[in-house]
Structure formats: structure tokens, C-alpha cells
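The data blocks that follow each hold one structure.
Look at the two complexes coming up: chain A is in both, with chain B in one and chain C in the other.
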Partner chain A sequence: MIKIFTVCPQGLGSSLIAKINVQKALEKMGIEGEVETAGVTSITGQKFDLIVTVPEMQDSLERYKDKLVFVTNFFKRDEIADTLEKKFREMGLIE
Partner chain B sequence: MLLTELLRPNLIAVNVHVKDWEEAVREAGRLLVEDEAVEPRFVDAMIEVVKEFGPYIVLAPGFAMPHAKAEAGCLKSSLSLITLAEPVNFGNPENDPVHVVAALTAKDHGSHIEALSQLADVLANDSVVGEWAAAKSVDEILEIVEKYS
Partner chain C sequence: MQVILDIFNFIGEQILSQYSIILGLVALVGLLLQKKPATTIISGVIKTVVGVIIIGAGAGVLVGGIDPLTKIINHVLGVQGVLPTNEAALPFALEKFGQIGSLVMVGGFILNVILARITRYKFIYLTGHIMLYVSLFVVIVLNATMGLEGWALWAVGTVVMGLYFTLMPALNYPGTKDVTGGERFSVGHTGDFSYWFSYEVGKLFKKGARSAEEFKLPKSLSFFRDTTSSLALTLLPIFLILTFFSWNYIVTEVSGGQNPIMFAIMSSLTFAAGMAIVLAGVRMMLGEIIPAFAGISEKLVPGAVPAFDCPVVFPYAPTALLFGFISMFIGMVIATILQVIFKVPYVILPGIVPAFFAGGTSGIFGNAKGGWKGAIVGPFIMGIVMQVGTSLLIPFTGELYDKGATFGDPFYATVGLAFAKVSDLIGKGGILGWIVLAAVILLTVFVFIMGKNYRHLDEPAAETAK
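For the complex of A and B:
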């Protein structure tokens, strides 16, 4: 079970779109995961495997840099799936 | 809640003339204010978010979704959508220029998820933003939503 946070400044609009599309991407890959939205501050102290976010958040999330995945288009499901798959492989979560 | 319950006909305008991104957000916000979906201060809050965090609200090529927290003056969950007569840049290198601006306000974290999920389905089609931008009426905008839902 992979735990993923989608993070935007407010944890409300774009992170929700990201969550929906990350969930669809996981389904497509057949990977079991829990996806939740969050604002920058609300992930402090939480356990997770990955953060999916936008490039603008890079500085605020610097301390999690090994766990960050950036997307520039929250609506491109194929792109999100490819990016995640690459990251999962890098992290050794999938073969 | 369905997408069309969030995006009601009186919250849509086509071919809106604006000179820059800030005016584009204000115009989309004005529809929310006129519908009494938000207090006027909510519109300022949406602009402040962009100024503070950058143009991350340009979520896809040509498509921006400004929004602010419920505490900034949300009265009822709603989505307004305007198409621009001339596209404007938000300063997002990947996804500028913007042709369609959809302003979101949500009263809580739950009620709008279904509608946004439907919006995500609609926008998963690459051609949608272009089709919206070319639409000449509010009905046409809604027909495009129906077509891809």
C-alpha cells in the first residue's frame, strides 16, 4: 500500500484534481494506494511515500525532496501515470 | 453534486475581453459574486493566492482554475467559467497562454468532489479547452460539458 499526498498551497482545488487523476493512474497500473489532498503545512509529521505537486511548491517542500513528484498538467492522466511509474521504479516499489 | 449543479448557466460567459490575468480572475469572480456564491472579498483572495504562490492555478494548457479557501467568503459551492476574447499569460511557462478561466469556490472538502471528478474527466480530453474557447454561447459551453461527461 502506497501512501500519496497531492499538495497545493490550499489543499482544495488543484490538489483535488490531482488526487482524482493520481487515483485513476494507480488503478490503471494496478497499484494499491491511498491518496489524500493536503496543504503545505498539513503534511508535517505525517507518514507517506510520495508527494505529487506543482513546480511552484518546490521551495516549500524542499525537505521532502526525495519524495517529490512534479506535474505540470493535472489533467493528463497518461503523463501522471508515466511520471509515477518512473518514480515507483526509482524507489524500488515496483519492478 | 453534479458538475452542472456547480457550473450553472448564469455562471458562464463567453468571449470576455480582459487586458491581463488579474482582470480575467476578477471577471470570473464577478460572476460568482453576482450569483451570491461568494462575498466580494473572495475575488481578492483568489488574486492574492496567485501573487503569493505563483501561477500554479494554470492546471492545463490554456486552462486556469483560480480558487481560494472557503473562509475567504464562500457562500455556496460553485464554479464559474469564462472564455477570453484574447488569451492572457499568467506567467506559467508550461501552460500559457490561457483561453479559459474557471473560478472555483467550495464550502467544504466533500460536496464538490464528484463535480470536480467529472470536470477532470471532461478535461482529460485534450481538445476541450480549444472547443470551449471557440464556443459562441453559454449553451455551447454546456453542450461540450455534456459531450465529454
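For the complex of A and C:
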């Protein structure tokens, strides 16, 4: 069970689109996981394994740098799937 | 027989009068249609209902920040000060219109799917919080101006929202394509009118335009994307300036003896806390509903163009974003000062949240054709327009008018204001009312007939054909 947060400025709109795409990617790879959305403020104090976000948010999320996964845009489904697959391989979750 | 009637009454008067339950049912249907496992369904429904309750709880905290501010403004300036911030207006709007507003949001989405299927405007609006805010706004205005209630209010609201969800993304699709270099999505956000305006104004600077992206701006400015801190930091100076003009009044009437400076600091932070609570509630409430909407529309309208929240265009021009943000904010401040000088009945305070999201995105659209000049001029003008338009809009917002907070984004101050005026004229009836109603219907039909010429959707296909 892996816990992933998608983070955008307010945690309302674009992170929700990212959440849909991350969930789809997880289902496809057969990985059990929980995906939630957060804003730069509300991520504080949360427990998670990974954050999926865009590069401009890097400064605001510096303190989690080992857990950050960057995609160029929240709506790019294929890119999100590829990036996550690579990351999971690194983590040894999939072969 | 009596038992069955009792059950119906219970469903109608008890369950369905709780808008949190209605939204929970929407999530339930969405999750069932997606064939999610039972545990996901149960937790999804509970989270949705709890999210709505959290928003209501945020209202109490927000009031702790807004109430003293509006009291002090009223005392010092003799006018009503209003904060144009959607999340601050939301709990008050939900309190009275949550039930019908959430049903209108669902109805509007269904109509959006139908229109996307049968007309040339193939857009599906997927920005959940904006869907809810505009639905509530439309319901409030229709109720205040035309006196509509119950099913009539739902039906008219649904038609208006279906049109909004379908047409506003169409308006901004050409601009979005220019910004993104041809990506197949549009922007669905209440800065919409301002994006279109800034894009069109940007075209005026066409020749030799230097892109805003060639400038270097301090990175620290992007700190403003954190709405909780930026709200507290912009409210504080307003509070402090007013404090020095009403020191004694604050001590005796507002703060209950607390030092006014400390009181100003705490009130600003209390407001930010209220915002954080509301945002957490909205996030929880929509976390299941919007994925369900997305899944349903994907199945029913294959090949539709989705409309996403404005931050999806931020990566394409991050510097133009800051240009637009700053110039819209300056426009707002100038307009607010003028409103104070001319003593208009409702002074709209500069709204940092709309300035960042709507102003910043407008900067990106202006930059696409007009370079850095385009990134500044459109958002600056819209900053002024927003303050003037929002001030004129207040009398039409019924229940919201005295809450000290209202819906704040360029859409409400422009198209929203026009909608309020039109529905007010129709509501007054008489020959003029009928003429206006006929004109609106004709215009709508005309827009859909013109849809035959809406070529932006065909471009990729045409290019491959070449």
C-alpha cells in the first residue's frame, strides 16, 4: 500500500486532475495505493510515500525533496504513468 | 399507506434538505458507476459529507476575521468594505442555497455532457470548486432578482450552468492553444473573461513583442501561490492602517479591550485560518465527485476537450504569471483607493487570491501574443474592472450582500454582472422583460448555430489531412 499526494498551489483543481491520472496509472500497474490532493500549505504534517507535482512547486516543497516526483504538467496522463513506473522500478515495487 | 408516506416525507424533508447528504449521494452514484470496491465507496461518501460539514465549520472562524474588519471600515470610511474571495463567500452561500446549488451543479454537468455530445462545442468543464461556486452564484442571483424557488430555480439554474460550462472553455480554447503550443485542453476557471480579454488586448502589441519570459523576477514572489500566507499578509496592512484611524473605537467597541495592533494581527490570522479550513473542506468534498464526473464524461463524450483549473497553464510562462499577478493587483489597489475617495456604497478590497490566480493566468494569455506588454496591460485593466464590476454586483447578491465577503473573480464582475442585470430586467417583467428574455434566447440559439463555424476543434485533423 503506497500513499501518494498530488500537490498544486491550492490543492483544489489541477491536483485533482493529477489524482485521477495517478490513480489510473496505479490501476494499470496493479499497485495498491491511496491518492490524495493537497495544497502547498496543507501538505504539512501529512504522512506519505511520494508527492507528484510540477517543477515550479519545487521551492515550496524543498523539505520533502527525497519524495518528490516531477511531471511537466498535471494533465499529461501518459507522462505521469511513465514517470511513476520509473520511480516504482527504482523503489523496487515492480520488476 | 401512512408508512410509505412517512418514508417519502423523511426522504424529502429530512435527507434531501441536507445538502451535505445530497453531495454524498452524488459521490455514491459516481463511485458506483465506476464500479469501485465497497470500502472505497464507503470512505468516499463519508469524506464527501464530512468535507461539506467542514466548510460550514470554517464559516464561524472566517467571521472572526471578517466581522471586525467590516465594522472598522464602516466606522472609519462610512462605507461597506467587501472582500472579493470565493472561499470566504462559500460557507455563507452554502448555508442558504447549498441544497439547490449542489443540485444545479449536477444538472449543469449533465447538460454540459449532452451539449458536448450533440453540438460542435466539445468541452467538458472539470474544475470542481469553480463548478460549485458559479452554481451557487447563479442560484443566488436568480433567487434575488427573479424570486425563483424550488424546481423552477433548479431548472433555470441548470440551463444557465450547462451553457456556462460549455461555452466559457470554448471562448478560451484559441488562447489556450496559443499558450500551450497546441495542447488539446482549455481553461475552466472564473478568470475566463479576463483571459480572453488579455489575449485579445495582447494582439495589439503584436509587432516585435518581447516575451515576459526573457525577464528575471525574484523567485520569492512565487511565495504568493500559498493562499493562506498571502491572504494574511495582505489583510494585515489594511487592518493596521485602519487601526490608526480608529484606535479608541476598536478598544471600546470591537476588540473587547485588547490592544488594537495585536487585535489586527490576530484577526488577519483568524481569517487565514478560516480560509484554510474551508479549503480543506472543499478538497475533501470534491475529491471523489470530480474523478467520477471525469470518468462519466470520458465514456459518454469520447474526444471531448476537457477544461482544467488555471494552474495547468502556469508552467508555460511562469514569469508572465508574475507580471499579470502584480499588474492586476496594482489595478485593484488603485480602483479601491478611488472607490474610497468617491465614497461608493460598497468598497471592494484588493483580492490577493483572484489577483494571483486570475491575474497571473491573464498575464500568461496576454504574453502569448503581446509579450511582456500584453502580460501587463490586460490584467491591469481587468484589475480595475473587477473592483468596479464587483461593487455594482453586490446589490444583486441577495443573502450575501451584508456578509463582508463575496464571489471575487473577473467572471463575476463582467459576464456575471451582465447576467445579474439581465435576470433583474426579466424579473421586473413588463414588455422590456419579455424583450430581454427573447433577446437572450435568440443570442443563445445564434451562438450554437455559429458553432458550426467553430473550427478550432478541427485543426489537428485538418493538419494531418495535409
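In this section, the second predicted complex is superposed on the first by the 95 of 95 C-alpha atoms of A that agree within 3 Å, B and C clash if a C-alpha of one lies under 4 Å from a C-alpha of the other, contacts with A are read in each partner's own complex, and residues count from 1 in each chain.
As a working rule, a contact is a pair of C-beta atoms (placed from the backbone, for glycine too) under 8 Å apart; a residue touches a chain by one contact, two chains touch by 3 or more.
Not measured: the values here are computed from a predicted model.
S.K.: Kindly say whether there is room for both chain B and chain C on chain A in the superposition, answering fit or clash.
M.R.: clash
S.K.: In the overlay, answer first, second, both or neither for which of chain B and chain C A:R77 touches.
M.R.: In the superposition, A:R77 contacts chain B only.
S.K.: In the superposed model, which partner reaches more residues of chain A, chain B or chain C?
M.R.: Higher number of touched chain A residues: C.
S.K.: Should A:L93 be classified as contacting the first partner (chain B), the second (chain C), both, or neither?
M.R.: neither
S.K.: Now for A:I17: first (chain B), second (chain C), both, or neither, which partner does it touch?
M.R.: In the superposed model, A:I17 contacts both chain B and chain C.
S.K.: Looking at A:L61, would you say it contacts chain B, chain C, both, or neither? Reply first, second, both or neither.
M.R.: neither
S.K.: Using the touch definition from the top, say if A:M29 reaches chain B (first), chain C (second), both or neither.
M.R.: It touches nothing on chain B or chain C.
S.K.: Classify the contacts of A:I2 with the two partner chains as first (chain B alone), second (chain C alone), both, or neither.
M.R.: Touch status of A:I2: no partner.
S.K.: Mind working out whether A:A38 is in touch with chain B, chain C, both or neither, as first, second, both or neither?
M.R.: second
S.K.: Which of the stretches 26-34, 152-160, 260-268 or 314-322 of chain C runs into chain B once the two complexes are superposed on chain A?
M.R.: Clashing stretch: 314-322.
S.K.: Once the two structures are superposed, pull the chain A residues common to the chain B and chain C interfaces.
M.R.: Touching chain B and chain C on chain A: residues 8-10, 12-14, 16-17, 20, 37, 54-56, 72-75.
S.K.: Help me check something: in the complex, which residues belonging to chain B touch chain A?
M.R.: Within the complex, chain B contacts chain A at residues 49, 52-57, 59-61, 63, 65, 67-70, 94-95, 104, 106, 109, 112-113, 116-117, 119-120, 123-124.
S.K.: Across the complex, what residues on chain A touch chain C?
M.R.: That would be residues 8-14, 16-17, 19-20, 23, 36-42, 54-56, 59-60, 72-75 of chain A.
S.K.: Hey, which residues of chain A end up touching chain B in the complex?
M.R.: Contacts found on chain A: 8-10, 12-14, 16-17, 20-21, 37, 54-57, 72-77.
S.K.: List the residues on chain C that touch chain A in their complex, please.
M.R.: Going by the criterion above, the answer is residues 126-130, 185, 189, 219, 222-223, 225-229, 276, 279-280, 282-283, 286-287, 290-291, 294-295, 306, 308-312, 314-315, 318, 357.
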